[in-house]
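Each of the next two complexes has subunit A plus one other chain: subunit B in the first, subunit C in the second.
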Partner chain A sequence: MLNLGIDNLWVVNLFGTEIWITRTMLNTWIIMLVLIVLAVIVRIKLRSFREIPTGFQNAVESVIEIFENFVDNTLGEKLRYLGPWFFTVFAFILFSNLSGVFGLRPPTADWGTTFAFALATFILIQIVGIRYRKMDYLKNFFYPNPIFFPLNLIGELARPISLSFRLFGNVLAGMIMMTLIYSLTPKLVQIGLPVFLHAYFDLFSGALQTYIFCMLSLMFVKGASE
Partner chain B sequence: MNFNIDPLLSALPEGRVFALDKQTLITIVIQLLNACILAGILGFILYKPVREFMKNRTGRISGQFNDAQNKLTEAEALKAEYEKKLAEIELERIKILEAARVSAAEKTRDILAEARAEAEMFKKRAAESIAYEKERLQKETRLHIIEISSLMAAKFVEKEIGTEDHDRLFNEAMAQLEEASWLS
Partner chain C sequence: MHESLAFLLAMAHFAAAIALSNGIFTTFGQGKIVSTAIESMARQPEAADSIRGAMFVGLAMAETSGIYGLLIAIIMLFANPLVNIFIQNMG
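After this line comes the complex of A and B, so read on.
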């Protein structure tokens, strides 16, 4: 049977509130675990890191350096401290999008996940805007005339919604395509062909959507600070 | 704390692709918490330590580079100083050589002058000696001539003249000889 929905695995009652533990959450924790284990391995290996990097050290340093340069070039020196957050966002979304290759339902194919990250970006935008521009930032909502306040507010609120739906829609579309391929095609077609589809929907599109999400988030935060 | 988990598959709500309800809101809050926890862990155990390591290494390399630059500057200053000293030494050497050359030339001149003076002296002495020898030989020759002449004259006189003529001629000859001796 074709199942595109997010399965509920457990129902938890917390203070009288029913909480559904979904496959999205389980897969999120699996991805978190993988990332944490990788981080711990790097942390342990860090003790034996040398002045001249080789092999594994090279890979780790390259990833961190490329990402740091990416954040530095986009956000600038003064917002460099946001690097770890965006690194996490990048790593999590990338691993989530790639998880489809391993048969997991990508957590990013759940709007709850993508909106959570978009909401975090939205909160960051407001914090950075108020911190660096203070009243000038708030005045922006009334620019060029106070009559435009509703439009400006809608424009601001549209950011997390557009961010979240862009990522959610793309990943969900890929997942639906793959599910249809596996569910509706004869077994013979399922040999070989899915490799290319996985390469496109999970690897290429997944990496591209991760980059787009992070890039847009960085640009919004940067825009709020100036 | 009111917390319980319903048994698996017993009255579980059906899964859905998208919904805007309380459960979605709960999912958003849980995912936001998950993201914050993950950011804290990754930042603390991966991103910051690796960045710190790279930053420290950059600092160390930068420090070493600066040290090397400073040492190079010092070395260049020392080299310049040594080159200056070498140039001074070279100058000094040239001066000493020049002085030695001048001194040698002076000594040569002195030696030559001395040699010349000595040679002059020898020459003078030789000339004196020659003159003396010449004079002595002249005297001796004269005496021999006189003696031979006397002998010849005696022989001749013995045959040609008498005792009176002989004495007169002898006295005249003697007188001429004395006069000649006195003049020379």
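After this line comes the complex of A and C, so read on.
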């Protein structure tokens, strides 16, 4: 009745190794499919885009412009080329947080998914830091005194963990609340109440956590570059 | 064996409750962030947008410890490693 875990749907045997297809993976593929279809539709419509936008073009352009401004304001001109990557992350996390509304188990309620994104941010921080500040960045680990190296290292390694746990914990908490409401309350309560709870836990909290994940990633990358 | 397993489970639930009690301080901190942000928004309404952005990031930062407590509580309740070790050892 009360199912909070991640189900294992199939086990695929590939060259003697078992690959478990979990619910998280299936839902990730569904969201990827939705995003790819959206992208293909935009690409096809791109040919008929005009100087003066109307309808669909307006929506696409406003989304892109808002995100471009957001990235420009936080990252600056120098790191502008990282914008598309963060837009991809933003779109995926937003769609997976919102998928709770449609009854899917959000893929971000699995630590594996959020840690993958946080690890990507961590690698990006190191690459940007070494590329723009060379030795100066590595010297930062020994900053006041070489004795502080272990502390600085722990501080650096704590970043992806705190970043991933923040998103994971928020989405998981929302999912647990919704599962409890659906499985433990009488049917009469479930008529109107879940709408407001979905609006808070999935729409508001999901969108806010997506924004915060991207904002913090951008701030870390920006901090590493200067 | 059943008595000690029951004791272990009860303790795990106590631990979950204690881990969640750090929400008190998290909420105090978040309340302070929001009250200060509203104060400065009232003083400078033209800077409201940038204050709001900083406020949300600050709220997320302050929420981290609360989320850690929640995760520890969830691990204690649903994925407690001690219970499995106990069951294995006791047969």
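To be clear about the criterion, the second predicted complex is superposed on the first by the 221 of 226 C-alpha atoms of A that agree within 3 Å, B and C clash if a C-alpha of one lies under 4 Å from a C-alpha of the other, contacts with A are read in each partner's own complex, and residues count from 1 in each chain.
Just so we're on the same page, a residue touches a chain if its C-beta (ideal position, glycine included) is under 8 Å from a C-beta of that chain, and two chains touch if they have at least 3 such contacts.
Just so you know, these numbers come straight off a predicted model, no measurement behind them.
In the superposed model, A:Glu68 lies in contact with subunit B only, and not with subunit C.
By the document's definition of touching, of the two partners only subunit B reaches A:Trp20; subunit C does not. After overlaying the two complexes on the shared chain, residue contacts for A:Gly5 are found with subunit B and with subunit C alike.
When both complexes are overlaid on chain A, the residue A:Phe102 reaches neither subunit B nor subunit C. With both structures placed on the common chain, the touch criterion links A:Val60 to subunit B but leaves subunit C unconnected.
Contacts of A:Trp85 after superposition: subunit B is touched, whereas subunit C is not reached. Of the two partner chains, subunit C is the only one touched by A:Ser162; subunit B is not.
Once the two structures are overlaid, the count of subunit A residues touched is higher for B than for its counterpart among subunit B and subunit C. Look at A:Ile212: by the touch rule set out above, it reaches subunit C but stays clear of subunit B. In the overlay built on the shared chain, the residue A:Leu172 is in contact with subunit B and with subunit C. Subunit A uses residues 4-5, 172 to touch subunit B in one structure and subunit C in the other.
The touching residues of subunit A, when paired with subunit B in their complex, are 3-20, 22-25, 28-29, 32, 35-36, 38-40, 42-43, 46, 49, 51, 60-61, 64-65, 68, 83-85, 87-89, 91-92, 107, 110-113, 115-117, 119-120, 172. Per the touch definition, subunit A reaches subunit C in the complex via residues 4-5, 162, 165-166, 168-170, 172-173, 176, 208-209, 211-212, 215-216, 219. Across the complex, subunit C meets subunit A through its residues 53, 56-57, 60, 63-64, 67-68, 70-71, 74, 78. On the side of subunit B, the complex with subunit A involves touching residues 1-6, 8, 11-18, 23-24, 26-32, 34-39, 41-43, 45-51, 53-54, 57, 60-61.
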